[in-house]
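Got some structures for you, see below.
Two complexes, one shared chain (subunit A), two partners (subunit B, subunit C).
After this line comes the complex of A and B, so read on.
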């Protein structure tokens, strides 16, 4: 479970995030929409513990994110561009990062994770420097899966992915949510947000100005709402 | 995790090129050391052979006049070269390992050494100690300067932070991969050196190895401290290269300049003048006065009496020669003291400057230091006196040269087997390693407490 309580962040007098209150329960996919600079990445960075909140608290499973806390053990993160080690192949990168998190998987398990993330078996042992952005993204998903994290934070994960890969990605997210994970995704992709999310939020100038379920809203309606809101 | 850290690092061109370079240079340095040892052995056996020939030839020519015979005869003293000298040639390239001296005044003969190729001196010796002192630190810098910053600059650091349980452990693991690889390269070079140079595995070799190891660890701890300052790769590289230049080139040169200025040795010149005057002026001094001074020092020869004032006499001639040394002995001692003071001052500074300390320790262990040469010169003094005292009665009573057992006059050997002072060698390096490593850990821990 992921929670923000009056979470605020100011950068040199500029409000990047203002009193954010939200929670993403187990099995939920929360998609946060907003323009560039709206505060989506700041929110993710606060949950990752990469920056210090000006006020309020970011909580993971009830524990406040702060230096020395163990909240990272419950988190997996998929950035917009997954940066990995170019001189290791996909399988080795996955094994390396999962070992770094304290998980030892067999080669078969690692292969399975990569296949689950959508990476074809023939590509597993290719050098990462030959991978496309989409392929790297899939390794990033496999890394997140390998950690067996309860909370997954995603920052524009489908940006630059082809429609097929985006579709595969959506399926994986749904599977993860069905398995009880809490997913928080910052995105510009309104169609994908409606498709994958269980809830959506719209952020403007650091404030969460709209939050609702996706059950009764179509992509077109959401687009209208988004354009009206921002 | 270690497996992939090794894989990842070993696949980089920096690692491949760096290790290849250090191993090739290391092997070249060992072969240079081998050449040096061979040269020393060749000189040693040559001297023994030539001394025998030299004595035989002169005995044939001058056996009837032993005073004249001893005027020509020279006796060699060989400073034994330890196989470790091949690893650290030190002062052996300028200070001779063999001195052949007659029983005439010694002072001038002490510095009458072999010709040295100045071009070779200009470039110095590419021995293993050079590789350890100069090349290894450069490689450590190349391997570590971007240990953390490359992760930040290539974007992997964010994922590492989120995935790893401890950032410090991650960086320590990365550092240890580089430490292990470079220590492995060093071990390979030492094993090769041991085998190629037939170095006996004793305390000195062990101490040499551990000193090299500690010096390498010092550079790793220093690099880790710079890394812990959390700057970018360019800053780290620039800072580390500046430190390398300061520690390995600038400070040793500055300290050398300082000690030379602080302890000038005009005695190098005045000793020579005093010794020459001490001897030459005796030609114009009456013989009795000269003999009285000689007998005051060696009363055991007083029974040979006083030679007549007119004409030449070997007893008087050798007394004059002796007085040349006697009258320059104060200057000679002063020169020795000042040279040792220079050495002591360098050692004092060296405790705080690892490059100087390590070089001095290597030279000490290999018996190629300046102090080793000073002991050799002291031994040469004693050898000269013993030889003189052996021949004086034979000259003074004009024994036939053929009656002397010349077979006993094989070259004298000087060897110094000093005990290895582990504490003195290792402690300064250990303290510096602990200081820099401690500071690095403090910085890293401080970082882990902030966002």
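After this line comes the complex of A and C, so read on.
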């Protein structure tokens, strides 16, 4: 579970995040919308412990994210573009990153994880530099699966993906949520947010100005709300 | 820091680099350079044999002289050839610009001549490709090229965030990558030392001094490459982009390898001016003339000396002395002119040493200068080794002249002033009994006497680069 309690961050006098209160429970997919510079990535960076909050707290499974804490053991992070190591193949990348997290998998297990993430077996031994963006995202998901992450933070994961890959990615996210993962996704993709998210939030100038379930809202309604809000 | 994570990150860095074709191209180029440098080293070895042969010929020529007047033998003279140190094929140092043969005769300290530079085209001015040159100047560039992206590129593409999220700590990432980079640097470095080791074995140079020198050279260069690796990773960690990191590292290379060494050289020459060869010679000549001319029968100084000798021996004429007076006068003249020469020469050396000290002191801000100095010293191609040859040659010359003067005093009749005539000769067996010139390079301990600052600089830079890495492992940003 992921939780923000009055979480604020100021960069040289500019409020990047103001009193964020939020929780993403197990099985939930929270999609955070907002313009560039609204504070979405800052929120993710605070949960990753890459920056320190000015005030408030970011919590993972009830433990505060701070220097020396071990909250990263529960988290996986999927950036906008999963670059990793282009000279290594999918299996080698997955092997390295899972070992880094303390998990040593056999080659068969690694292959299984990649298949589970949606990457076809024939691609496992190809260099990552030859992968499409969608394929790279799948390696990112496999990394999350390999460390049995309970919380997955995604920063605009569908940006630049073709509709088919986006659809495939959405399905995988839903499967992960169904398996009990808490997913926090920063995105610009309103239609995908409605499709994949269980809850959505709209952020403006560091403030969470709207938060609701996605059950009773259509993509068009969300778009109107988004445009009106920002 | 977790050892398994360090090795994992180092191994991954290694694996990632070796999956790129560029590294094989670089290795190929370095192998070609190594072969070229080793071949150049071997040609230096040929020159050494050439010098040995000529030293032998000079000796044979000396010994082949018939019964002769000793003073004629003193002017017949001989040659001293400077044999190269067995490790000179590793680092040519100042070898090509210093003379390697000197004609030794009475009354005169000739210059050491026949430097390689004086027999080469202007191409030599572009610098020579020795193993040391490749390791000290080209290898840092290769390390910079391999390592500049290590952290900066991962920050740019977000991989660094994934690394940290997977549980790696900053210090583990930086140290792990440094170890990985150093491992690759070792692959480039070790073949040079293995080649040097084999070349020493082939040449039969298996003395303790040579092995100790090689051991120290290896240690010094491995430390140097480690320092370069730590600096590379630190700069990569401190830079916002890999492009910035590359620009900073190239700037550092230019500063360390090109700008600072040239500046230290220019500053040394500016602050501690040395006389030209002509001025140096003229100053000695002037002082000797002022003192007196042992060959001039009316010279006041030597007339006074003659009178005092006659008085001591209670005789009226030099022909009544129990020894040949001409030999005695020349012995005294040799002593005086040598003292004057040595004083001027030592003053000149002191000035050169002041210049060198400036360069050594600048090594505190530039590890390249420290490595360069240590490498030349340990390879026996430094200034002090050359000076030592000059001193050994001069000692030999002085000893030769004085031995001939002693022979003249002992065996040539007191009444004889001239060197002509069959009666005024010494048996040829005397030439053989005078020992041959043999250049003994200074020991490692003596060689390192002037290199304390260089050694301190290497240790200092190792400490500084570790502190840099430590600083960035605490202060570097992932975003």
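Here is the rule we go by: the second predicted complex is superposed on the first by the 230 of 230 C-alpha atoms of A that agree within 3 Å, B and C clash if a C-alpha of one lies under 4 Å from a C-alpha of the other, contacts with A are read in each partner's own complex, and residues count from 1 in each chain.
Heads up, the rule we're going with is that contacts are C-beta pairs under 8 Å (C-beta built on N, C-alpha and C of every residue); 3 or more make two chains touch, one makes a residue touch a chain.
For clarity, every value in this text was computed on a predicted model and none was experimentally measured.
S.K.: For the three-chain model obtained by superposing on subunit A, do subunit B and subunit C clash or fit?
M.R.: Clash: subunit B and subunit C overlap once superposed on subunit A.
S.K.: For A:68, select first, second, both or neither according to whether it touches subunit B, subunit C, the two together, or no partner.
M.R.: After superposing on A, A:68 lies in contact with subunit B but is clear of subunit C.
S.K.: After the superposition on A, what does A:92 contact: first (subunit B), second (subunit C), both or neither?
M.R.: The answer is both, since A:92 touches subunit B and subunit C.
S.K.: Is A:148 contacted by the first partner subunit B, the second partner subunit C, both or neither?
M.R.: Neither partner.
S.K.: Please indicate which partner A:84 is in contact with in the superposed arrangement: first for subunit B, second for subunit C, both, or neither.
M.R.: A:84 contacts both subunit B and subunit C.
S.K.: Figure out whether A:100 sits in contact with subunit B (first) or subunit C (second), or with both, or with neither.
M.R.: A:100: touches subunit B and subunit C.
S.K.: Tell me which partner A:52 touches in the superposition: subunit B (first), subunit C (second), both or neither.
M.R.: So A:52 only meets subunit B here.
S.K.: Thinking only about the overlay and not a real complex, which stretch of subunit B clashes with subunit C: 58-66, 94-102, 400-408 or 418-426?
M.R.: Given the superposition on chain A, subunit B and subunit C clash at 94-102.
S.K.: Which subunit A residues are contacted by subunit C in one complex and by subunit B in the other?
M.R.: In the superposed arrangement, which is not itself an observed complex, subunit A uses residues 48-51, 72-73, 75-77, 79, 81-85, 87-88, 92, 96-102, 140, 143, 147 for both subunit B and subunit C.
S.K.: Give the list of subunit B residues in touch with subunit A in this complex.
M.R.: So the residues of subunit B in touch with subunit A come to 1, 4-5, 7-8, 11-12, 154-156, 158-165, 170, 448-451.
S.K.: Could you pull out which subunit A residues touch subunit B in their complex?
M.R.: The contact residues of subunit A facing subunit B are 48-52, 67-68, 72-73, 75-77, 79, 81-88, 92, 95-102, 140, 143, 147.
S.K.: Which of the residues in subunit C come into contact with subunit A in the complex?
M.R.: Contacts found on subunit C: 5, 8-9, 12, 15-17, 19-20, 154, 157-159, 161-168, 477-479.
S.K.: Can you list the residues on subunit A that touch subunit C in the complex?
M.R.: Answer in residue numbers: 45, 48-51, 72-73, 75-77, 79-85, 87-88, 92, 96-102, 127, 140, 143, 147, 153, 155.
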